[in-house]
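In what follows, a single structure is set out as structure tokens and then discussed.
By written order: A, B and C. Residues from 1 in each chain.
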Amino acid sequence: MTIRESKKLWLGYGLAMVWFYVLLWPLLGIKPEGLEFASSFAIWAKVAVSAGILLALYQIKRGGWLDFALRPAQALRETAASATAKVPTWIWLVLVAAGALAFPFVTERYAHDVAISVLVYICLGLGLNVVVGMAGLLDLGYIAFYGVGAYTYALLSVHYGLSFWLSLPIAGCFSAIAGCFIGYPTLRMRGDYLAIVTLGFGEIVRIVLNNWMSLTNGPNGILGIQPPGVYWWTDVGFKVIPLTGLEQFYYIILGLAVFTVVAVYRINTSRIGRAFEAVREDQTAAELMGVNTLRIKLLAYAMGAVFGGLAGAFFAARMRFISPESFTFIESAMVLAMVVLGGMGSIPGVILGSLALIALPEVFRGFELYRMLVFGGVMAIMMLVRPKGLWPAKRMGVRSEEKE
Amino acid sequence: MEFFFQQLVNGITLGGVYALVALGYTMVYGIIQLINFAHGEIYAAGGYMGVILISWLVSQGYPPFVCLSVALVLAMGYCALLAMAVEKLAYKPLRNSSRLSVLLSALGMSIFLQNGLMLTQGVYDRAYPGEMVQGGFEIGGAVVSYMQVVIVGITAFLLIALNVLVFKTRIGKAMRATAQDKTMSALVGINSSRIISLTFAIGAGLACAAGIMVGMYYGSVRYDMGFVPGIKAFSAAVLGGIGNITGAMLGGLIIGMIEVFAAGYISSEYKDVFAFIILIAVLYFMPTGIMGENVDDTRV
Amino acid sequence: MKRALTLISTLLLVAFMAFGCGGEKKDEKKAEAPKAGIKIGTLSPLTGQYAADGNDIKNGVLAAVEVMNAEMGPLGPVTVQAEDDACDPRQAVAAANKLISEKVTAVVGAYCSSATIPASEPLMAAKILMITPASTNEKVTESGLKYMFRTCGRDDDQSKAAVKFAVEHLKAKTIYLVDDKTTYSQGLADSVEKLAPGAGIKVLGHEHVNQGDKDYSAVLTKVKAAKPDVFYVSLQNSASAAPMLIQVARLGIKTKILAQDAVYHPQLMELAKDAAEGVYLTFGYTDKETPAYKQFYDTYKAKFGEPGAYSAYAYDSALAYLKAVKAAGGTDADKVNAEMRKVDFAGASKQIKYKENGDSGSNYVIQVVKGGKFENFWNPENGQLFSK
């Protein structure tokens, strides 16, 4: 690194720190009792020192003074990479599957609970991935389908005593219908107009759930939802046993997640998946090539909604209590964040994204009040470091921009 | 009739606030096609700066009018700096990435700023010191407080100032040029990076003014106060045709009016549903909003 | 694909290590020194919209632990693990499971009924006592949960007190209700709406506003046009009530305002200033002259500032639990559970005594805001004003 570059770097650092202090001090230092500098300076000094150390490390690394340590590490990483590359994919699959299956045996209930949440959000993320990642339709109200699925099972269970397994496909169907319903008026819109309309729909669903007292019991939510049961041999003969343990829920949602992964993978590689991609890349061209864009867009909404609905039905069965508070806009934003963070259109990416966004706030519980601050910061930084997502999708074919 | 006039006054006040916040969304969108999720937090930061500065100035014994105007100017400067910092840190490095990446970075910044405010200012509401402008008058049976007059007055002043800036000055011309075509405007010697920063600063200043006025009007501010008005203002910006400044003002007023009249005449619990249904209906028949130009085929 | 799988498996491994080993380590520690102290969990919204009330609850428990730590003898020391539920059912269950993993023996919380109800399930299954200082919904104790206690009053009792006050003291003929659509606020307003006609009060209207709204002008204009004798304000907390009171004053509505206990918070007067003057509210009777209250107030004030609506209830909840543990001589859930029903002491908020279903009874009185302070005003028991 040249001296000029280095100078520029540290000048930028100085400027940023002055800027930061100017922003921080008024928040902490101006009080009716008078002006005060100590408390803001203490925080500022901590941030400045840690940022300075990071910057110095960066410069040392760029200067090549860490090569003695980094080279062997790099070599090690390369050997590891080549070694892993030799292992066939199915071995990794088996390893992941074995890990996922064995998870409840080696961990305790808090970890189970987090794992269940992660898997629910994997289903949601993959469902939204169909809409956003594959078909390229920005959807800010996806959580509405989750809500529809959850309320469908809750109402069926409470009023008609329908079993979880029977309600699951019904919840999926209802969500698909809701998807078409929401999708239809948005077909003519593009880009951000679509975003606000879907956001509006999401809010409408939540407000209706919160106000339709006779159906949804409003903010009080629905209590007494039956857990899923299995028909199993007991002392008194075959009987339906309700599954209530966290491990059992874990395996159910694991199955649901695997189903979602396989289904989304199959959609992705099918004719319809190709049509989604065509609509995403260039709607006019796709139409010209004979893709019925209106139908394809509706299909994308409906398919995405089905997975949301399934996850919702599971959520209702697992919580055994639902209220509209679980279906707010911020949840939609979180699911979208998972898709974008992981890498749009990429299945492993979405899985990684869900893992990161659900597990991180739980890992950060140790920070207590700083939890969400750190989370927001990490989210922005991850995007800066990997703007295409943690594991970007491979595009099929060659696009015109790449050829140039 | 009394009832109608009163609701009209309510709607104009609310709509004016939405319009000010919506302008920030629409300007940023117009220039870099980004839904700036952190904008609502800038509005909240403005509300807090207002509390902090006004409390301090009042304790120093300045008269209310001086307190208000000095605090307004200083806080707007503060928010402009904050928004520029956010832009430099979280959006600028992503200028050439997919638009959703920037969206996510904006979401992250929004969470970060909201919690930053919570940690520095506490979880309790902060009260504005006394009512700066007291009293009111009656017109046609409707009560209008002077506070509302001040809000509408400041809003109108800022809107006119913005219009002059954007449509009558060289900077405004440069902003419009950058919004139309970044590459071409750079070719003719416009520093697009500086123009973008400036756009963020102006939008933030307006949101900040809205934050302070809302804080004074409702008596208190809280760290999460930016969220709901943020969504409403974003809807307003889209309703008017995102990227269009006149549209945002119109959209803000319309959303404010719909909310108040839906709550007044139909049902208070479903007022937001009506606002969104009208938004969707308008967009269904005018897919680019009321004043929107025909946008090109932009993808996510 | 392959690299992604590698990444996933590595992450899984890390997860194993983080959660798995963490658990083992804790088990080891436990084996070394069994029953090293008592660990109480708190479950309340420390972030989000109701963060203020959530922190009051946490602080109340911390104050109680500070007071009791000296008395616990060999059973101590008492530690507190505070978890955030953000008033969100999903996070509440996650936090409850976290507390179970952390081996707490009792949980004080939660604040929102919609967090208390789902969180109670894993806690009951793990035999952990749950004492809610704030969830006033009837369902909390009526679903027959064995280890559930409630230190605050119940919605149905509160609405009775409110209606009685409106009829007997305010001589009201008409009432207008507003709530903000939460389990608590709507439940209360509905209950008042149901009771009012029987007491000879005509309900002129019942409006709902959304949580997070600050502009109530449209609804208040309706109230103004209806000219009710009493305007019943049922909002989730003082922060939403303050702007409403300001706007009521601004619109020139002269009606008597009756609110409920969630509105009780010192910040109400700070935020609404003169507009809060003369507002009536139903609140659990607290004698602020008792030594128990003074001890609570001094401990709390020194560390956390003015106590909020639920600080004293949270304090008493923790106190009751620790007293029961002391009487039982250990933290065994069933023994403590039995002892909990025998506790009978003068707490900071009231005489603490739990019934068979876990309720501690309600003693709602009417308070009034006067001179920037809450004052006891009227007692529904005997229909008398409190003498100064």
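As a working rule, a contact is a pair of C-beta atoms (placed from the backbone, for glycine too) under 8 Å apart; a residue touches a chain by one contact, two chains touch by 3 or more.
Worth saying up front: this structure is predicted, and the values here are computed from it rather than measured.
For chain pairs B-C and A-B, the one joined by more C-beta pairs in contact is A-B. With respect to chain A, maximal separation of chain centres occurs for C (centres as means of Cα atoms).
As a whole-number value, the distance joining the C-alpha centres of chain A and chain C reads 33 Å. Centroid to centroid, with C-alpha atoms defining each point, chain B and chain C lie 35 Å apart. Computed centre separation for the pair chain A/chain B is 29 angstrom, with centres defined by C-alpha atoms. Residue positions of chain A touching 2 or more other chains: 207, 210-211, 369, 372.
For chain C, the set of residues that touch two or more other chains comprises 46-47, 181, 208, 210. Residue positions of chain B touching 2 or more other chains, listed in rising order: 115, 118, 269, 272. Contacts from chain A toward chain C in the complex involve residues 84-85, 89, 92-93, 95-96, 99-100, 103, 106-114, 117, 207, 210-211, 218-221, 223, 244, 246, 315, 319-323, 325-326, 346, 348-349, 351-352, 355, 359, 362-363, 365, 368-369, 371-372, 390-391.
Interface residues of chain A facing chain B in the complex, by the touch rule stated above, are 19-20, 22-24, 26-28, 30-33, 35, 132, 136-138, 185, 188-193, 195-197, 199-201, 203-204, 207-208, 210-211, 280-284, 329, 333, 336-337, 340-341, 344, 369-370, 372-373, 375-384, 387-389.
Chain C makes touch with chain A in their complex at residues 1-9, 11-13, 15-16, 18-20, 23, 46-47, 82-84, 87-90, 93-94, 97-98, 100-102, 113-114, 117-118, 121-122, 125, 137, 139, 143, 181-183, 186-187, 208, 210.
Across the complex, chain B is touched by residues 46-49, 51-52, 54-55, 181, 207-210, 212-215, 217-219, 221-222, 224-225, 239, 242-243, 246-247, 250-252, 267, 270-273, 275 of chain C. Taken together, the chain B residues at the contact with chain A in this complex read 29, 33, 35, 37, 48-49, 52-53, 55-56, 58-59, 78, 81-82, 85, 89-90, 93-94, 97-98, 100-105, 107-121, 129, 231, 234-235, 238, 242, 269-270, 272-273, 276-277, 279-280, 283-284, 287-289, 295, 297-300.
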